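Two complexes come next, and they have one chain in common, chain A, joined by chain B in the first and chain C in the second.
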Partner chain A sequence: MSEKIQFRIRRQDTPYSPAYWQTFQVPFREGLNVVSALMMIRQNPLTTDGMKVDPVAWEFNCMEEVCGACTMLINHRPMPACSTLVDTLQQPITLEPLSKFPVIRDLMVDRSRMFADLKRVRAWIEIDGAWDIHQGAPRISPEHWRDNYLYSRCMSCGSCLEACPQYGQMLPFVGAAALAAVRLMNNHPTGKYHRKQRLHAIMVEGGLSDCGNAQNCVQVCPKEIPLTTAIGELGRETTVQMLKDLFGSAD
Partner chain B sequence: MKASIHDTHFVFRRLHSLLGLLPVGGFLIFHLWENSQSRFGQTHYNDQVVGWLQQLNYLTLLEIFLIALPLLFHALYGLVILYNGKSNLSVYPWQGNLRYTLQRFSGIAVLLFLLLHVGWTRIWAIWEPAIKADLFAHMQGLLIQPSVFLLYLTGLLVSVFHLTNGLWSMAISWGVTTSPRAQSICLGICAFLAVLLSAMGVHGMLGFLP
Partner chain C sequence: MRKPRKVIVVGGGLGGLWAALRVAEAGHQVQIFSLFEVKRSHSVCAQGGINACFDSKGERDTIWQHIVDTLKGGAYLANQPPVKSMCEDAPGLIQTFERMGVTFSRTAEGLLDLRLFGGVKHRRTLFAGASTGQQLLYGVDQEIRRQESLGRLQKFEWWEFLSLGLNQQGVCQGIIAMNLRTMEIKAFPSDAVMLASGGMGQVYGHRSTNSTNSTGAAACRVYQQGAWFANTEFFQFHPTAMLGDDKTRLMSEAARGEGGRIWVPRDAQEQRRPNQIPEQDRFYFLEEWYPSYGNTVPRDLASRAIWEVVNKLGLGVAGEAKVYLDLTHLNPGFIEQRLHAILDIYRKFHGTDPVHEPMEIYPSAHYAMGGLWVDFERDDTTGGIKHGSPRNHATNIPGLYACGECDYGYHGANRLGANSLLSASYSGRVAGESVANYLQGLQQGHPDSDDPIYSSEINHQQELNRQLINNQGEENPYQLHRELGELMSSQVGVVRDNQTLSNAIESLRTLQQRSRNIDLQERNSWSNQGLAYARQLQEMIRLGEVIAVSALHRDECRGAHYKPEFELKLPENASAGDPAYETYRNQWKAQNQNWLKTTIAKQTDWGPQIDYQAVDLSVLAPEEPRDYR
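Right, the complex of A and B next:
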């Protein structure tokens, strides 16, 4: 058995140097995923031309599709490398860094903008303010819990942003992940105290109204988060909030 | 913090969206219905349809404030929105993405078509009173040329697509449809509306032919 898997990998030595391509081969084995293939390349970084090169840099952590770190373009689509099996892919397998984030090196990108945008939309829950907000364990219905749980699975992998035609390094849109985080936090029994502030944070340039409804996000999200549902729900909430702001309301 | 109604960006986006339907989309539907009556013949069309419109009081004001200005805002701001996205259809060839891309291209096509269409009818008629007097004959003279007919057909279909797909996307933006099921039912309704409006438009165009 000497079946070989071919990888074409886009390499880049520094954030500022030009990119170039190299081809590698690894022996196939049952259940091989992209991260394990990259580990084999790292052990023996020999291109198909027989050139000994620097090992390919990439990120990974959990190896069970919950951290998002290993997300890269696999055959031009964003996917978690740890849970993507090699035998589901067409060869040669092309690996590229996500294109919507600055490249650090090879397949490693800098996703800090995602975290900045989560802060921008107040995607956190304040359990303390000038007074104590948290009054005992808040109770919610199982249905409510189930709906919220869907959104809590986001691992900030950036796939939804990669596939979004409205998201880009030079564009202000925060993208589906941050919007879905607003949906999640606004429906949390403690988080809902700051519902209005979060809605206001997405009723600005780069916020909800920059969505163009191409709906690519929901197709590529590896966690199958109902992103377009969140966007529709936020559409309704911002419409109501806008009317409240316009005509006045108690809260 | 500037947000919501104090944020011009959000207000402009919502205004753009609203104006696309009311009054601009509403006018498109009215316009297609109006011209679908071409089949009742030259005299009826000139006297009853166009004649009725032209005798309306404050017609110029209505044209400016209900059609020209909202359309101008929607079109110009539409170009701004166009600049804020980059279609990636070749990598993600999915129907939602296709409609996103077509929404943008159809916007440009509608703009170009409208410049020509308004120029050929409303603007030209300012210098040429004969056009206003017998709009039916003028339209017949235009549409009888196969190339112009084809151009009008394209303009019609592109405008109808832009309106009906815009309606679908509007329903999400304003929060009318949230679940995938609601959005897909809405898409069906919008597609039906597209067929209906296209049929009405083609019917109107054919009515001008001898």
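Right, the complex of A and C next:
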């Protein structure tokens, strides 16, 4: 097949400059994914109008859909560019940077807020130190493991936040990814010890109650993380916690 | 009063984060530098698992056996005390990961589950679903975030390390780095530097399983400032990688461990779909050639067997460089659970389903056993390393340490599967403790950031940028990288010979010239990815030369370094005690007399200079050649 694939790419030179569109063409091959296509474009950045332009900037590292770097809007939907095959897409294919984060350049955005929010919800296990204490953590049943494992694959790609009507640069909501991290940490046998602090961290403005229950997040997560299940569980737990806080009962 | 001590860690993969954690826990201030958010580091790619002896499968596995497997697997080229300590400390390290919340897979009783991996006979590999590296990295990443929230540690993400700040005495006192958004070049003074910049698979370009961060550029930069490389000719080719032209994707060793079989049609003209080919027309070459290990032979044997079947016997599937990796005879539910990530990747990137149709695979550049030379101190009472010694993981530049895949420490001439997540984490932990003790002994702190040792280096780095930006050459950096990958994999690859290596060195020098004649095609000076890429490319070509020159000098077959001209053939049908076998053993020992030594490469104006260093063999004398039949 000597077919050509067209890409319409939204470009922006700096965080403060206006965006503009350019169209590129690459030859089709079996198994072509969006990252490979962008690689061809950067090697020879020629628009369909025959204009020599700056190479398109985007983010990627693993090329195996596990680092979360390459997420962008592909035909208006947040997707990992490395694992999205071109022949599954309608043409011309539009590529845009995620809209819920500040643009750095072209398809690159600044997702540092996601990592700050993991800090905000205390998404870690408090260990005495990273030295050997000659024992491990308590046992975990295979069923319990299976539930936790689903959540531990979150690669901070930001798709769920992009799809969420409650999440935005001007809005305080932490979003599904950080909430799912709370769910995960609270279910570890010793992570449980700090359950209350994490619940309190999401019982404030911008926390769980800002979720509008649109359920978009779970549909776009490339790792199929059951985000709405986590949010449901946390809803029950925060209610119980609120009552405990009111009536001062011990944990 | 002493100034508070500051340590810079370059790299936020498993090695770097572990080191940073231990330095921060020792009460020193840490700054982590990374090309991007550390959570996206290459370590997340590891699927298969991490080794530690738990002996919970009724197989009488022992730590000693883990040590022996690692040393023999590495063809005795690794210094033995560090390996001994690593294997002994591995179970405790895993338990620490468990405490951090890593979701290791479980047995029915709720214990840590173990699986079989290549090159060993016991189940010794822990795993977390099929995303072990991701889970391990996230475990440490979380603890780092906690340290960050306590104010003990600071991250500089989107900063690229460019060079070291060395004082008059050649002591390392900080780094020069470039902001990958503003492209500003700045000095960061510190009292010690830890390099944990990962592997160098990108030297093999798109013919590697590595992520884009694995360029080896950072290591090559300190090499040019006087650090030594060791054993770089030893590069592991993963036998089972799925082909692709952005990268080759690894089909984890676990696929073989869980029962996957490798085969080709016996007839080169075979036209049938693989599922229609009856058993008697299939050539399960690993099972035939290595009856006792079969499909789980170590990687180098598997890679060479595949190379031979394709290039010598002409039996590649459909006449192309590929063979089948077959899971179709296994229970679909079982493999779906155990190998979910591999199946997922293959379905996603190839379009067919490995549950129903065999996968097509070929060897690909995967892991650098070699890297920056690092020291260790032996503890004569235990035979392991002396814990806490500031010599552990020190490079030959005072104040510069290295850990993770960028050092050469633990794998000798070949690495066992699932041993490098272990070495990356373990070396980070050891190196972190080592640096903390180095700081204890320091009399003087680093100078201020306006000191000439930094400003002269900043000027030099700015000049390098200016040259590249202003150059109006004919060469395209991305095209040159593809050429580098093809050159390295075809001429410095699975099978080597001296004539080809000499040619490769010539070609690499030409490539180096061409890489100075680049046109970046980029007017925008903000987030200039082309500039960073071109700079890394020049380092990769230089590193390619170090690998090729080291390979040219070593006239033998050892581990992953295979030169058929110098091969000692295992006598067929002979075992220990038979005269033929004993003759072979004697030849093998004679070869060890000549070649059982560490290759050291030092930078000179006319290219790498090669020296050798003795290997510490104090744990296990090399009496037994490897025999996987």
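We take it that the second predicted complex is superposed on the first by the 242 of 251 C-alpha atoms of A that agree within 3 Å, B and C clash if a C-alpha of one lies under 4 Å from a C-alpha of the other, contacts with A are read in each partner's own complex, and residues count from 1 in each chain.
In the analysis below, contacts are C-beta pairs under 8 Å (C-beta built on N, C-alpha and C of every residue); 3 or more make two chains touch, one makes a residue touch a chain.
These figures come from a predicted structure and were not determined experimentally.
Novice: Clash or fit: how do chain B and chain C relate after the overlay on chain A?
Specialist: Verdict on chain A: chain B and chain C fit.
Novice: Based on the superposed arrangement, let me know which partner A:231 touches: chain B (first), chain C (second), both, or neither?
Specialist: The answer is first: A:231 touches chain B but not chain C.
Novice: Is A:159 touching anything from chain B or chain C once the two structures are fitted on A? First, second, both or neither.
Specialist: Neither partner.
Novice: Looking at the overlay, what does A:203 touch: chain B (first), chain C (second), both, or neither?
Specialist: After superposing on A, A:203 lies in contact with chain B but is clear of chain C.
Novice: Which partner does A:215 reach: the first (chain B), the second (chain C), both, or neither?
Specialist: Touch status of A:215: first partner only.
Novice: After the superposition on A, what does A:186 contact: first (chain B), second (chain C), both or neither?
Specialist: A:186 sits against neither chain B nor chain C.
Novice: Which of the two partners, first being chain B and second being chain C, lies in contact with A:12: first, second, both, or neither?
Specialist: neither
Novice: Take the Cα centre of chain A as the vertex and report the angle out to the centres of chain B and chain C, nearest 10 degrees.
Specialist: If I round to tens, I get 160 degrees.
Novice: If you tally the residues of chain A touched by each partner, is the higher count for chain B or for chain C?
Specialist: C
Novice: Between chain B (first) and chain C (second), which, if any, makes contact with A:94: first, second, both or neither?
Specialist: Touch partners of A:94: none, neither chain B nor chain C.
Novice: According to the stated criteria, A:57 is in contact with first (chain B), second (chain C), both, or neither; which is it?
Specialist: The second partner, chain C, only.
Novice: For the superposed arrangement, tell me the lowest C-alpha distance between chain B and chain C in Å.
Specialist: Superposed on chain A, the two chains' closest C-alpha atoms are separated by 15 Å.
Novice: In their complex, what parts of chain C are in touch with chain A?
Specialist: 18, 21-22, 25, 36-37, 39-42, 44-45, 89, 92-96, 98-101, 103-112, 128-129, 131, 134-135, 138, 140, 142-143, 145-146, 148-149, 157, 181, 211-213, 244-247, 249, 345, 348-351, 429, 476, 478-479, 521-524, 526-527, 529-530
Novice: Looking at the complex, which residues from chain A come into contact with chain B?
Specialist: So the residues of chain A touching chain B come out as 76-77, 163, 165-166, 168, 171-173, 199-201, 203-205, 207, 209-216, 219-220, 226, 228-229, 231-242, 245-246.
Novice: Show which residues of chain B lie in contact with chain A when the two form their complex.
Specialist: 1-7, 9-10, 13-14, 81, 84-88, 91-92, 94, 96-97, 99-101, 103, 168-169, 172-180, 182-183
Novice: Could you please specify the touching residues of chain A with respect to chain C in the complex?
Specialist: 13-14, 29, 31, 33, 35-36, 39, 42-45, 52, 54-55, 57, 59-69, 82-83, 85, 104-105, 108, 111-112, 115, 118-119, 122-127, 129-137, 139-142, 145, 148-149, 152-153, 155-156, 184-185, 188, 190-191
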